[in-house]
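Next, two complexes with chain A in common: one pairs it with chain B, the other with chain C.
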Partner chain A sequence: MARFIVRRLLQMVMVMFAVSVLTFLIFNVIPNSDPAVRMAGRQASQSTIQAIRKEWGFDDSLPQQYITTMKKIFSGDLVSQFTQLPVNEEIIKGLPRTLSLAIGAALLWMFVAICFGLYSAVKAGRFADRFLTIIALIGISMPVFWIGALMNHYLGFKLGLFPNGGYVELTKDPIDWAYHLILPWTALAILFIGFYSRVLRSNVLDTVNEDYVRTARAKGLGERQIMIRHVLRNSMIPIVTLWGLDFGAVIGGGAILTETVFDLQGVGQYAAEAVGQLDVPPVLATTLFAAFFIVLLNAVVDIVYAVLDPRIRLQ
Partner chain B sequence: MSDGHPAAPPAGHDPLLAVDDLRVTFATEEGSVQAVDGVSFDLKAGEVLAVVGESGSGKSVTAMTLLGLTRSPNARFEGTAVYKGAELIEASEDDLRKVRGAEIAMIFQDPMTSLNPVLKIRDQIAEQIQEHEGVPDQEATERCVELLERVGIPRARERVDNYPFEFSGGMRQRVMIALALSCNPSILIADEPTTALDVTIQAQILQRMRELREETGAAVILVTHDLGVVADIADRIAVMYSGRIVEEGTLDQIFYDPQHPYTWGLLGSITRVDRPRPERLPAIKGLPPSLANRPSGCHFRPRCPHEFARCSEVPPLEARIEGQADHRDRCWLSAEEKRERREVRPGEIGLADKPEEAPAA
Partner chain C sequence: MATEPALEGALQGPAAWEEEADREHVHGVGPWRLGLRRLRRNKLAIAFGVLFILLVLACLAAPLWADKVAHTTATENHLSDTIVIDGKKTNVVGLDGVPIGPTYKGEFFLGADPNGRDIMVRLLYGGRNSLMIGVAAALMTTILSVILGVIAGYFRGWSDGVIRAVLDILWSFPVVILGVALGVALALGGIKLGPITISGDSVLVPTFVIGLVYIPYMARPVRGQVLSLREKEFVEAARAQGAGPLRIMFTEVVPNLISTLLVFFTLLIANAVLLEASLSFLGAGVQPPNPSWGTMIDEGVDRIATAPHLTIVPGVMLVLTVLALNVFGDGVRDALDPRAKVRLEH
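== the complex of A and B ==
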């Protein structure tokens, strides 16, 4: 198991390297125009452009440029061309907000999806199953910015049940933190609940017909134990894969819409604003940040997968 | 081996399990299908009853129905199965759970898929012991090791921590047998336990089952299509065809004095080392009837060369030979006719080919 984890983490480092090279190429080489001009923004003076060219070493060879760029990103002296604020500080400031949103939403959607999916499978073909199917389809069909805006408007603004956006730090007031995040969590989770509960339902329906479930029943186990220990655990394997990947994807970009709708000021919103302002350094940094989480969660998924399914771990 | 168990029933008289007129009907898209059509048999403590029949004869459904494993919204059950005074067919799921695994245990056909791939062998066996006896983990593990040793798995203490995919097919079937024996059941139902295995492994598994039966004294219902397996291990044989038992008797009665033409056909279609090898292996002509659309009267009628007028009435399963109350069959032919017609060659039992249908007048 330890060897498996080490091997997987080494792979992860290699993938990250490849991603960083690709990101560098996409931003600095592929556009086929002077990167210094693009980075300087509109109406930049010739001297500013020159300064940027010198600072980023755009006259050097490509490998040298790559090294300079990565040095700037990872040494923390990357500065936004638009606000002149250090990019790293902005990301570090936004990270707990993005993580709060993503972790809470991921737990919420997984938990609710397991309940819905399992219940739907147990009641397959009956009214409850059909009802949940319709609910799931509605959930899948609602874009997060639309449902988020509706929630904000009706539950937040009109009824005043929830705060109208904003974020309170967890360390300051955990209850207020959760209170502020209930709507964003729900809005983000709805899509995934619909999707996950459908996938789980069909996995469960496949698994209940497995021979080992019949064996479990022949052992005299109770229905609850059969469902949880034998059916659910085997049905969860594909879901856990999805979960890790989606969690990474939410941190690395999926949160952009939700954070913006609820004004959470997380990394996603920061990235969205930077893109809007054509502010290259933060876009570069948040792209790598997003890629890092996606690659990390991919590795975590593989490791969790190995824990869940011994056939992968031991081969 | 009967510690923690209700006292074994008195030898002889009362059967351990009495199945009476069991009928199982499944609603399918093609209409209702009667998989089991009035099956009755008794099982005495410690005896091995082999239920023999081809695919679709209802033998597996019969076996699984005893444990309520065929229950579904689409299944309908009639008849009774009384185990130690308790009725199983109508029993509540909770009552049945106490019987499953503890009193009546089951070994399934395919050991490759019958064990949960993501749980250790130890957990899969211990879970059954703990469900029925509530022993602490440590003790359950000790019993697992002991059970694996008994079924002949080497290095059992290490092997309990393995997963099913780390065992070969034969070893997995041994694990299944260990699992079935873990709570000292009074009845072991083995549904085609050797069908999925290599012939050499089959022999090992059968040998082990024979030894374990001697040790534990459990009665066995052995469901199989393989008469070779039956000859090795069975005390009594019930031959099933198209949802019914067509003949039932002791091993010797079935092998040396078979009464039903279907049994003749079965016996005629096995190769025997003590006979000259035939050029072609004889087979019973035709196919079993579809379950949804069976002939009236005797189900074997369309394939039977000895069919006559009375065969359109359902022949009851009853003793038809004087002085042999334990040999029952469902064929209207008289005992003498049977004796004459079953020999295709002198001293050799088989089923003659059905003559071509004469054109209707």
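== the complex of A and C ==
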């Protein structure tokens, strides 16, 4: 077990290194134009460009440039070209908001998707199944920022049922916190509910034909108990893996659109605003941290799986 | 058991079999025709396929509508123009900056935007951009994924190792973040690849970015399929006949991938159109004043309180297009390869 964990963590560090190199390449090498001009933003004077070239060492060799860039990111003296505020501090400030959004939405989409997927599978081929399939397809076809903006306008602004964007700290007022987050949670969850309920439906339909389900039925167990204890539990395995990965992806960047629409001021919105101003340092840092987080979460998911299922360790 | 027709046929010899096959119309039907037959039976998928074609045709007819009906272009401003509605002269853009809503007449059929530009014209031209980016990006992803997947799956060994490592690293980035990072990096400097120079505000930049971002999601399953195909008897037979690797790849392996590729391609267009909208919404996709459904929603969201039609109209077009592709792609998958599990991420 210890050997597996060490091997997996070593692999994780290697992937992180590769990810950081790729991020560096995307911003400094691939565009094949002067990186200092890009870093300086849209309207920059010659002296600013010169200062940036010196600060980031764009005249040095590529490995030296890579080291300078990583040093700047991890030592925390990376500042936005637009606001001059330190990037890492801004990211840490936005993190609780992004986490609030991601955790709530993840719980919501998992719960609703299980209900929809199971019901759809039980009623397979009938009207309810077809109806839910169409709803799921509509769900995965809607851009989250569009449905979010409409919800915010009609439910929040016009009808006044929900607050019109914004965020309240959890520690200040938990009820107001949840109240402010209901619309963002829903908007973000819609897409995943569509995906997960469809995956779960097909998994359940596969599992129903397994021998142990027939055995359970032969033992005389009730239909409800069979569905929940035997079928659902075994159909959930692939979904839970997806859930871990998607949760990481949402924190690492999937929330960028939702946060912007609902003005949650999290990490995603910070990145989105930087993109709007073509402000490279925050985009660079958030891209790198997002990828790191996902690599880390993948390693954690693998290790948890190895603990639960010893067969995985041998692969 | 003896009463089952299949067994009876077997007992009566091959002639009876053929006769029965004639009666049941099952002889000589290849998997493609079977798939087409199953697809034709799926009325919903066909209906949405037709809807998609209609949407494409409408967008292709954009210059016609702009010239003959709306008498304007996609980027022409009409800030101080007036238009006659119900016999009254009305400003296209009100004094408070609020543009008119849908008139349902030739000019400003779906209203105007804050610059006085005709929404309907922009919608059609924007659809051209969105669809062109979607189709071109999906094509790029498909071609590159097949090349990478076939090389990795067929040769295995070190080429597989390198390709898989690169795909894994790309896969570590969330799709939107990678798209945004590449979009920002390229929007400022453009692309210079040898003799080809693409300026930063060209629609080719988002096309290239989107085409690149989805490669891992397609190349991995293609590689997996090639890995299992290369062990099949027909590949062994080709090898025994002296066929080289290239020949085996193109005449034995790739034709067997086509049904998977077709399903992937349809769903890729849907996802590419959605990603284009997301990137444009964030400012890392199509650069204004060039219209696309994403940039139109982006411009609309800021004014949703006073002019909601600016957000609703392009969004509905986008959702209809993506939904049509998703339902049709689903139908194609059910018809060709009912057990395949194709999933793309946003």
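Throughout what follows, the second predicted complex is superposed on the first by the 285 of 315 C-alpha atoms of A that agree within 3 Å, B and C clash if a C-alpha of one lies under 4 Å from a C-alpha of the other, contacts with A are read in each partner's own complex, and residues count from 1 in each chain.
We adopt the following convention: a residue touches a chain if its C-beta (ideal position, glycine included) is under 8 Å from a C-beta of that chain, and two chains touch if they have at least 3 such contacts.
Since the structure is predicted, the reported quantities are computational estimates derived from the model, not experimental observations.
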**Asked** First (chain B), second (chain C), both or neither: which does A:D309 touch?
**Response** first
**Asked** Regarding the shared-chain residue A:R38, is it in contact with chain B (first), chain C (second), both, or neither?
**Response** second
**Message:** Let me test your reading of the model: by the given contact rule, A:T241 touches which partner, first (chain B), second (chain C), both or neither?
**Reply:** neither
**Message:** Under the stated touch criterion, which partner chain does A:S202 make contact with: chain B (first), chain C (second), both, or neither?
**Reply:** second
**Message:** For A:T215 in the superposed arrangement: first (chain B), second (chain C), both or neither?
**Reply:** first
**Asked** For A:T83, is the partner it touches chain B (first), chain C (second), both, or none of the two (neither)?
**Response** neither
**Message:** Under the stated touch criterion, which partner chain does A:P143 make contact with: chain B (first), chain C (second), both, or neither?
**Reply:** second
**Item:** chain B versus chain C, judged by how many residues of chain A each one touches
**Value:** C
**Asked** Which positions of chain A sit in both the chain B and the chain C interface?
**Response** none
**Message:** Under the stated contact criterion, what part of chain A meets chain C in this complex?
**Reply:** 15, 18-19, 22-23, 26-27, 30-34, 37-38, 42, 137-138, 140-146, 149-150, 152-153, 157, 191, 195, 199, 202, 246, 249, 252-254, 256-257, 260-261, 271-272, 275-276, 278, 280, 283-284, 286-287, 290-291, 294-295, 298
**Fill in**
Note: in the complex, chain A contacts chain B through residues 210-212, 214-223, 225, 229-230, 233-234, 237, 308-311, 314
**Fill in**
Listed in rising order, chain B residues that touch chain A in their complex are 67, 69, 93, 97-102, 105-106, 108, 110, 113-119, 127-128, 131-132, 163, 165-166, 176, 179
**Asked** Can you list the residues on chain C that touch chain A in the complex?
**Response** 165, 168-170, 172-178, 180-193, 270, 274, 277-278, 281-284, 294, 297, 301, 304-305, 308, 311-312, 315, 318-319, 322-323, 326-327, 330, 341, 343, 345-346
